[in-house]
Amino acid sequence: MTVRVGVIGTGAIGREHISRVENVISGGRITAVTDVNEQSAQSAVRDFNLNAAIYPDDQALVADGNIDAVFITSWGPAHESSVLLAVEAGKYVFCEKPLATTAEGCLRIIEAEKKHGRRLVQVGFMRRYDEGYAQLKETLDQNEIGNVLMVRAAHRNAAVDESYKTNMAVTETLIHEIDALHWLIHDDYHSVKVDFPRKTKHAHAELQDPQVFTLKTKQGVLINVEVFVNCRYGYDIQCEVIGEEGIARLPEVPSVIVRKQSKASTNILNDWKLRFMDAYNKELQNFFDAIEAYGQPQGPSAWDGYIAAVTADACLKAQETGEEQDVLLGEKPEFYEQKLHV
Amino acid sequence: MTVRVGVIGTGAIGREHISRVENVISGGRITAVTDVNEQSAQSAVRDFNLNAAIYPDDQALVADGNIDAVFITSWGPAHESSVLLAVEAGKYVFCEKPLATTAEGCLRIIEAEKKHGRRLVQVGFMRRYDEGYAQLKETLDQNEIGNVLMVRAAHRNAAVDESYKTNMAVTETLIHEIDALHWLIHDDYHSVKVDFPRKTKHAHAELQDPQVFTLKTKQGVLINVEVFVNCRYGYDIQCEVIGEEGIARLPEVPSVIVRKQSKASTNILNDWKLRFMDAYNKELQNFFDAIEAYGQPQGPSAWDGYIAAVTADACLKAQETGEEQDVLLGEKPEFYEQKLHV
Amino acid sequence: MTVRVGVIGTGAIGREHISRVENVISGGRITAVTDVNEQSAQSAVRDFNLNAAIYPDDQALVADGNIDAVFITSWGPAHESSVLLAVEAGKYVFCEKPLATTAEGCLRIIEAEKKHGRRLVQVGFMRRYDEGYAQLKETLDQNEIGNVLMVRAAHRNAAVDESYKTNMAVTETLIHEIDALHWLIHDDYHSVKVDFPRKTKHAHAELQDPQVFTLKTKQGVLINVEVFVNCRYGYDIQCEVIGEEGIARLPEVPSVIVRKQSKASTNILNDWKLRFMDAYNKELQNFFDAIEAYGQPQGPSAWDGYIAAVTADACLKAQETGEEQDVLLGEKPEFYEQKLHV
Amino acid sequence: MTVRVGVIGTGAIGREHISRVENVISGGRITAVTDVNEQSAQSAVRDFNLNAAIYPDDQALVADGNIDAVFITSWGPAHESSVLLAVEAGKYVFCEKPLATTAEGCLRIIEAEKKHGRRLVQVGFMRRYDEGYAQLKETLDQNEIGNVLMVRAAHRNAAVDESYKTNMAVTETLIHEIDALHWLIHDDYHSVKVDFPRKTKHAHAELQDPQVFTLKTKQGVLINVEVFVNCRYGYDIQCEVIGEEGIARLPEVPSVIVRKQSKASTNILNDWKLRFMDAYNKELQNFFDAIEAYGQPQGPSAWDGYIAAVTADACLKAQETGEEQDVLLGEKPEFYEQKLHV
């Protein structure tokens, strides 16, 4: 079976996913596209040589009987309504973060999905598909280091542009740790606070950089995440989990080791896209494979999207108030507890 | 365009390539299969849900107008005749090692391909597609470490079974280094000798293990390759290149770092298939991509297959005689000098 | 010149320093000892074959015209009075931590030393003499990574005994980071708070373990120190400094790398004494060398002892109250600003 | 007890050992010096503030009843006669390499020492006192990796001056591996050959650089040592031992890890003296300690000096002839089999 995909949003990330489906992975095909900018949709069809219908909007695209799944790669504020349209039409949905810009929006999607009676939605949190995170999770799941007590993580970018403001450390950056860490340790967030260290001279006026977030979980795990988006030296994702019996740490990105001029050195990536390239490929491959094997996606769910939204809101409030904030999550519906193996 | 592939040989490696094309990579489709064991061919079609014709032999399969390319994954002695059939029929060929069991056989294929006037054949030396080797090659090609003076490599397997004899250290194991290293350093082999260190107690009577091969190139580069196939601790491929200005080394396979019980440790693979999984995927993806982009493959050529055959013969003779042996290569035909970018 | 040393306190650490002076380093000689337990003093003289007077108490020992310097290795509460006696007598003092159990006590010592008109006192903060810390400091001092923004450190012991309570995480453990980190980054502490993560099951009832201390400096540097004294896996000291242009990290303790049974592993020390063995040797060697070269010690001063006391007090209060506490340091006296090179 | 030392040869290395004894280690004192250049001897006394007699030659110095041991740090050709004088006078001897410039010379020393009836002589092979080699040896001695099958070593210097010729790769450089490796694996050399790889452009006309030595032991262990003395990038000593059950490797020199400008890097030493600084200190400390504890030195013996001489001769002949050469060692005298623990 080949999953027929309609793409809503043919900007940068939409085009990358199109290229992935057409040129890199197996099991899917792009059969429809739409974009608020019609020329962008046309370019995508032409550039990737697609045999795909071009629709004026998401509503028209979703109505196409010739698609099984929808990729939502438009801008964030448009996600919720597209997801709801697709779910109502019974289409599978792969939606880039955020699932919705508000926790309420996520709940509306959850309700729609529950009404449909089967999971349809996967959120684009690709870290879970990274080989390093997968190894780290396996180490924890096999109880190699005992109960988790602390997590120390860092998310560093070489630089960001002027449009990146203090709050985006949460919505664009920390959001990936928010999803990956609760998944990694099977725990829920309880509270969050933020510290602002001395600011780097490389950050512009409206950006506090770096920032350090301290999250506590319901089990009492203390999670410390440094977000530093003008670290200059490269794109670097670090994660160390401290357990009762030992410690486990994310592997470094493999690099040739060069000895030269009194230094032994390895390369650090600059481009974040390269860091998770394989993970992007695997998340979409897994999306297709799970649809074929189980008739529903197995990746990050609408509930994970909701967790991310609620936690990000608490982080933003912590940034504004300087105070510790509770992360007030509802009860996880039974609906999202089922586990299928992929 | 989708490359339609006929598979000759549906044993273990044939099935893996079928799975790759159908379930993992893009741009190809299996449309025909054959095997000396017809039931094996039928199983492959059934297990992978192929929409593919089953042929009684390679001749019949090659004659199918419905295929663009042939995968040759039968046993070694059968390769040459299948390749020649396919080349004569103007089909693209992806042939697992060895291209032919003799240097003469390789030359016959080269002649046939030259007669056809365009490259058709790619040999399955997957190391070139490994991310680590690619980085190492880029380091050398960018002249990061100056002229190459020496190479130190090791090829270690945890264990081999009883059928693996002393000569197979060349034909099954060193053969990968033979291809990868001349490609890596843009040089040709001039001579080879072998040393037999103290034998491990874990090797059976008919296997000398470990063995150390010393190859000299036309430029004078000294290459030292340890082949140790009962090293017990895992599958481990090492390669260090010593240049006039510095040294470059293959990265380790990335692994979670665990601190536990007074040790900091990383995992070493045991299964060789996992080590080059990505490389296998990339070599076939590249085979399809190059056919689409240039109408000819860009990977290891029939000439590379010939180099491997001649060098392996010299290595076998060095094993038998205990003496240094010359590697007598003919002149590289102009035909194989052309370079296309993929 | 040979520095003649009187030792006050011949318990475990006193004996180690005696052995160091007599058997490992140069420039000193033990000429007098005392201990509250006279038999302990006699054993030391006998076991190390000392040509040394045995005194009934510190007062008598300090009065000996035959000693140039005093090592104070008694229990903490006795330090202050011994230091004051020695300073009044114009003897050089090497005092193990704490210099005094209260900030006021440290100030009294400072006053006495100022009155004497020249530095006499060195406090036993040996980390500064560790090769790794020295390299890290040089990296920072040469401005390799720009202005410091954050520090992430960890102090882990395999296990502690029942006598170790929650507050000792400050007085016995964190105290080393308190001294080393302000020295490392040339900054003063401004405030401190503490978080208590999920408690390990390996800690007894009266010990919260692990603990995470967050210190802010006057320059705004955010310092995060994990103290985890039942980490099980070994004795492990980590320190990473995040700067505006890059990041620098303490080296690991060197260890043979073994590949065996599917793991590549290095050893982690269990015994903290081995970790800083060289540093202990160097701090005493440096104490003697500086006395010879400059007529005064160059290592951690009474002022550093005062900083440690004030900061430790704030940390203890943070433990008790759960609130952020200010670190209220007086102005650093001119007297301690002078720098001599060793 | 303090060992009273007479120093024969107050050049660079003599002065370093004097400084070590006087300023760094314990248990010895310089009480006499001599040098062919009398001014050099006078400078040493003055610069290090020695309370030492100055003698016109080694004969006069050895006759001094006020010395227990002799350091021989003159130029190589003078070693043998000084050692013989000292042994005849019953003095302990610490002799820098070579013990004698010929195997016969070493045998003469061995005979003299046997006649004396107790070990007196230690040769200055400091590698055995390096912490990394000590760890490696312990790993092997505890049978962590089973029987040794191969050793791969490299000895790289950043650069050498014009006076360094091809043969000095043996006498100045490989000589350290010759001693360290047979000690490490408890085995004797059987034969040696040498390969000359492509020559680096950074070597002058009379120096073949790099060179690769292949030594076989009586147990069949194959040892491969690269000597590369213009490697440009630094001073780098590598050693990997391949056993039946696993592999062990010398640790790297610890260095701060810096992440900066898209690289993670550690520093590589340039100065060989820094690499083995601690080992130099420990070898002399151990010389003094063993004299005190056992009345005889425990370090590399005259027999080890003889092994080095015989093996170096075979290596030089291998360089000249291009052929494999036997290493013809006599039987090890019972006299050198005794083991005392230090």
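Structure notes:
Just so it is clear, A, B, C and D label the chains in written order, and each chain counts residues from 1 on its own.
Here is the rule we use: a contact is a pair of C-beta atoms (placed from the backbone, for glycine too) under 8 Å apart; a residue touches a chain by one contact, two chains touch by 3 or more.
As the structure is a computational prediction, the values presented were derived from the model and not from experiment.
The chain with its Cα centroid farthest from the Cα centroid of chain D is A. Comparing contact pairs by residue number, the interface of C-D is reproduced by A-B among A-C, A-B or B-C, since over half of the pairs coincide. Inter-chain centre distance (chain A to chain D, centres taken as mean C-alpha positions): 58 Å. Averaging C-alpha coordinates per chain places the centre of chain A 37 Å away from that of chain B.
One simple way to say how far apart two chains are is to compare their mean CA positions; for chain B and chain D this gives 45 Å. Chain contacts: chain D has residues 232-233, 245-247, 252, 259-261, 266-267 touching two or more partner chains. Chain B meets chain A in the complex at residues 21-27, 131-132, 135-136, 139, 144-145, 245-261, 266-267, 278, 285, 289. The touching residues of chain B, counted against chain D in their complex, run 147-150, 152, 195-202, 210, 212, 214, 216, 219-222, 224, 226, 228, 231-233, 242, 244-247.
Across the complex, chain A meets chain D through its residues 158, 232-234, 236, 252, 259-270.
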